[in-house]
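One chain, chain A, links the two complexes that follow: it is found with chain B in the first and with chain C in the second.
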Partner chain A sequence: MSAPVPLLAQAAAVLRREIAVERAGREALVTTAPFVAAFVVLAGLAFGPAPQQLAVAAGGTTWLAVLVATVPLARTVAGTERAEDSWDLLRGLVAPGALFAGKLLATWGALLLTAALAGGLVAVLFDVPVLPQAIYGGVLGTLALAALTTGFGVLVATGSRRRGLMAALLLPAGLPALLAGTQLSTPGVAVLPWALLVTVYATAVLVAAWAVFPVLLEE
Partner chain B sequence: MRTHPSRTADRLLVVAAAGTGLAAAVLALLVAPTDAVQGQPQRLMYVHVPAAWLAYLCFAVVLLASIAYLLRRDLRWDRVAQAAAELGVGMTALAIALGSVWGRPVWGVWWVWDPRLVTTAVLLLVYLGHLSVRGLGDDRAAGARRAAAVGIIGFVNVPIVHFSVVWWRTLHQPASVLSPDPAPMDPRMAAALGVAVLAFTLAGALVVRRRLRVLAALDADHHPFPAPPVAAEPLVVLPRSRP
Partner chain C sequence: MTAPGDQRARGTRPTDEVAVRRATPLRPPATDAAAGGGAAPVLRLSGVTRRHAGRPVWVPVDLALAGGTLTVVTGPNGSGKTTLLRLAAGLLAPSSGTRSCAGTALYLRGGAGLRTAQTVRAAVTGTAALVGRGEAAGGALAALGLDALADRTVGTLSAGERVRATLAAALACRPAVLCLDEPTAALDEGALADLVTVLDAARADGVALLVATHQPAVLLPRADAQLRVEAGRVVRR
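Presenting the complex of A and B:
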């Protein structure tokens, strides 16, 4: 009789599987990269062309792109398993905590790449500097959004109807990340309150999503 | 004939809510002085603040009932969460609408992009989502689980809404009562506000109790007791007549 697989090993296996699926299909990349590029270019046209206006709108453009990108990403959280009819098998084999951790890390990676792409494009096209506090906000803000996306993504996987509801759930719930991330990306704004906000928010969302994730698997 | 205890409680709540509501109206409209700066529009605060208070209270009830449902898996807790969320959404919408009506003469605009206003509007959207996920499938228990999950995650935004005024004060005035450094207030204004908050709380409790009865009846309709088996018709075999 084989020994039970530790949770960390299960989570790592789920993450490896997510990376393999992404490398094979490029689903998250194809879903978000063209969207982010189009979003930033169109935002520059909408908010510009004056450099002062672009500088003011830069942080908001980056974070709005990241926040909106969570909606299509949520559909990829359990999308492959649903397409292959293997969702029930996966949740039967893997402990809920490990499944959450693996899916969360994969989604976080996708969102970090999205934020880096959006932030890089904004920095180049809007001619604004990348602040150290913006990187801190980017790391924690995307972690919070990844926790929300993972939780609500599973909710989408189990409820096939009303997928449009995902935008209504994700976008408002991600507001603190948008606010704090935008302010941390803006030069001359007090760092401490916003850094505190994004830290508290990420912690609270992570704990709440981890706590309710097993419940969402009971379908 | 004895009255059912819950009906008696309802009647007491009706009397208490009506009495405190009447007292609040008298205090707010006749006793409390007119605000020296804001004028008559300030009296809207005697409804705006209690509505916001009741909304916060309802969302706290949603959180507790959602946790209780996930722990006990008793649909009664889910009905509490649903009834509280419905009332909370209504009160949030009322608070936003009254704040907008007040803001026009006082601030000169219907709406400002103040963090508290925006986050309150977002809170409304979060709890509308909480109510909407119930309809994602036909399974009543699954809908309750999803709603409980959204109710818990959504509550993360509630303290952020409140403390946004303290952290990111811009145009919206800071909390007058629940703040570390409360603003000075005329005692008659404070009395009117306190009685109005009590009236809204009592009326809210009454609304939730009534709604719970309706939701329980709906659940009973959807999940009726199994019907007794229909008696089989006697099988009569008639001899076939041969031509």
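Presenting the complex of A and C:
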């Protein structure tokens, strides 16, 4: 029998597989990038054209786009795998911890790119600066949302729950990331309380998702 | 999960006993032995039951599979074949009883298991890399006659080709047990013959095969045991 693969090495293999599958199929890209671009442009039209109004709405627009993008992204965690009958093989080969870590990292990467795309478009179209604290909030906020997306993605895909539940589960649970991310992206807002909120929230969600993930895998 | 080890639950009470006989001497695996070299079972279910929504799906079952054997599971639709295979693979946790497996047990439904957007080569290599055996992918592709198809995407393969590609990925991972759920369903005669050849090779490598099928005729002559399943219990043969 082959020696067991260390958890980190197996998580890295899962991540490489996720990247390879995305490069081949571009599922996450085509489901999120056009949506985020359209969302930001439409938000600009809705909130503009006054610069003051756009500046106020900029942070919220970015984070609403990121939060709502978690819903289609969640399907790439396990839903598509089940639809293609590859989930059982993956589960059979990979330990739950490594599966969680690999899927989490892949989802986090996708959300970081989503946040960068949304934030970049907002900065250009709304003519607002990107604040340093917004980057801190972006990194931790997307990490928390990635943990939620990974957990709920598996929960909905492996159980008898309907896919329509995804938005009802994900969007309220991601509210702290939306609030903290928005405030950290807005000039003139006190940084510390919101930075603390997103830090505590990301830590709590990550620990909780890690703890319950093996249970979520059970059918 | 399917990781090596035991899954235990309370209330072990075996009723059906299935002793898997060995029809041919076990050939030692080519390299590191996933299935073990002796007669000891690589997979054992002891008094395993499964309940779903409070309703018993499987009565207590004992099952022991030795490496290098083929066990064919037959039975009508809804009789519990898939549940038995998923219990054996560790994808379903027993409601009671214990499961032990000396190695990795894999479950494949209908011969599928690879991401359709990837090329065969990328899918097989990526799958084998999950257990640190990415270098074994090339050999598995060659052994299953997939070299000519290696650069095609999985989604463009025929049913028979897809079964072979999935088996290449699974066998490159060197599992101890391979549970195949209806692998023959969409296969023509030629693809069936290919499947039989692949399964023979897997047995020769020491893999214990547990195959559920509605078309047992082609597999039964080479099987070490047949399990007839009805209403969540094994009917001895």
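Methods note: the second predicted complex is superposed on the first by the 214 of 219 C-alpha atoms of A that agree within 3 Å, B and C clash if a C-alpha of one lies under 4 Å from a C-alpha of the other, contacts with A are read in each partner's own complex, and residues count from 1 in each chain.
Rule of thumb we're sticking to: contacts are C-beta pairs under 8 Å (C-beta built on N, C-alpha and C of every residue); 3 or more make two chains touch, one makes a residue touch a chain.
This one's a predicted model, so the numbers in the text were calculated from it and none came from an experiment.
**Student:** Now for A:A13: first (chain B), second (chain C), both, or neither, which partner does it touch?
**Tutor:** After superposing on A, A:A13 lies in contact with chain C but is clear of chain B.
**Student:** Quick one: classify A:L165 as touching chain B (first), chain C (second), both or neither.
**Tutor:** first
**Student:** In the overlay, answer first, second, both or neither for which of chain B and chain C A:V205 touches.
**Tutor:** first
**Student:** Regarding the shared-chain residue A:G151, is it in contact with chain B (first), chain C (second), both, or neither?
**Tutor:** first
**Student:** Between chain B (first) and chain C (second), which, if any, makes contact with A:V21: first, second, both or neither?
**Tutor:** second
**Student:** Given the touch rule stated above, what does A:E218 touch, chain B (first), chain C (second), both, or neither?
**Tutor:** After superposing on A, A:E218 lies in contact with both chain B and chain C.
**Student:** Who does A:P176 touch here: chain B (first), chain C (second), both, or neither?
**Tutor:** first
**Student:** Once the shared chain is lined up, is A:S86 touching chain B (first), chain C (second), both, or neither of them?
**Tutor:** The answer is second: A:S86 touches chain C but not chain B.
**Student:** Based on the A-chain superposition described above, do chain B and chain C contact any of the same residues on chain A, and if so which?
**Tutor:** 218-219
**Student:** Within the complex, which stretch of chain C touches chain A?
**Tutor:** 1-4, 32-34, 36, 86, 89-93, 102-110, 112-119, 122, 126-127, 129-133, 153, 166, 169-170, 173-176
**Student:** Okay, in this complex, where on chain A does chain C touch?
**Tutor:** Per the stated touch rule, the residues are 1-5, 9-10, 13-14, 16-17, 20-21, 24-25, 27, 81, 84-86, 88-96, 214, 217-219.
**Student:** Would you mind writing out the residues of chain A in touch with chain B in their complex?
**Tutor:** Against chain B, the touching part of chain A is residues 148, 151, 155, 158-159, 161-162, 165, 168-169, 171-173, 175-176, 179, 193, 197, 201, 204-205, 208-209, 211-212, 215-216, 218-219.
**Student:** Within their complex, state which residues of chain B touch chain A.
**Tutor:** 70, 115, 118-119, 122-123, 125-126, 128-129, 132-133, 135-137, 139, 142, 145-146, 148-150, 152-157, 160, 167-168
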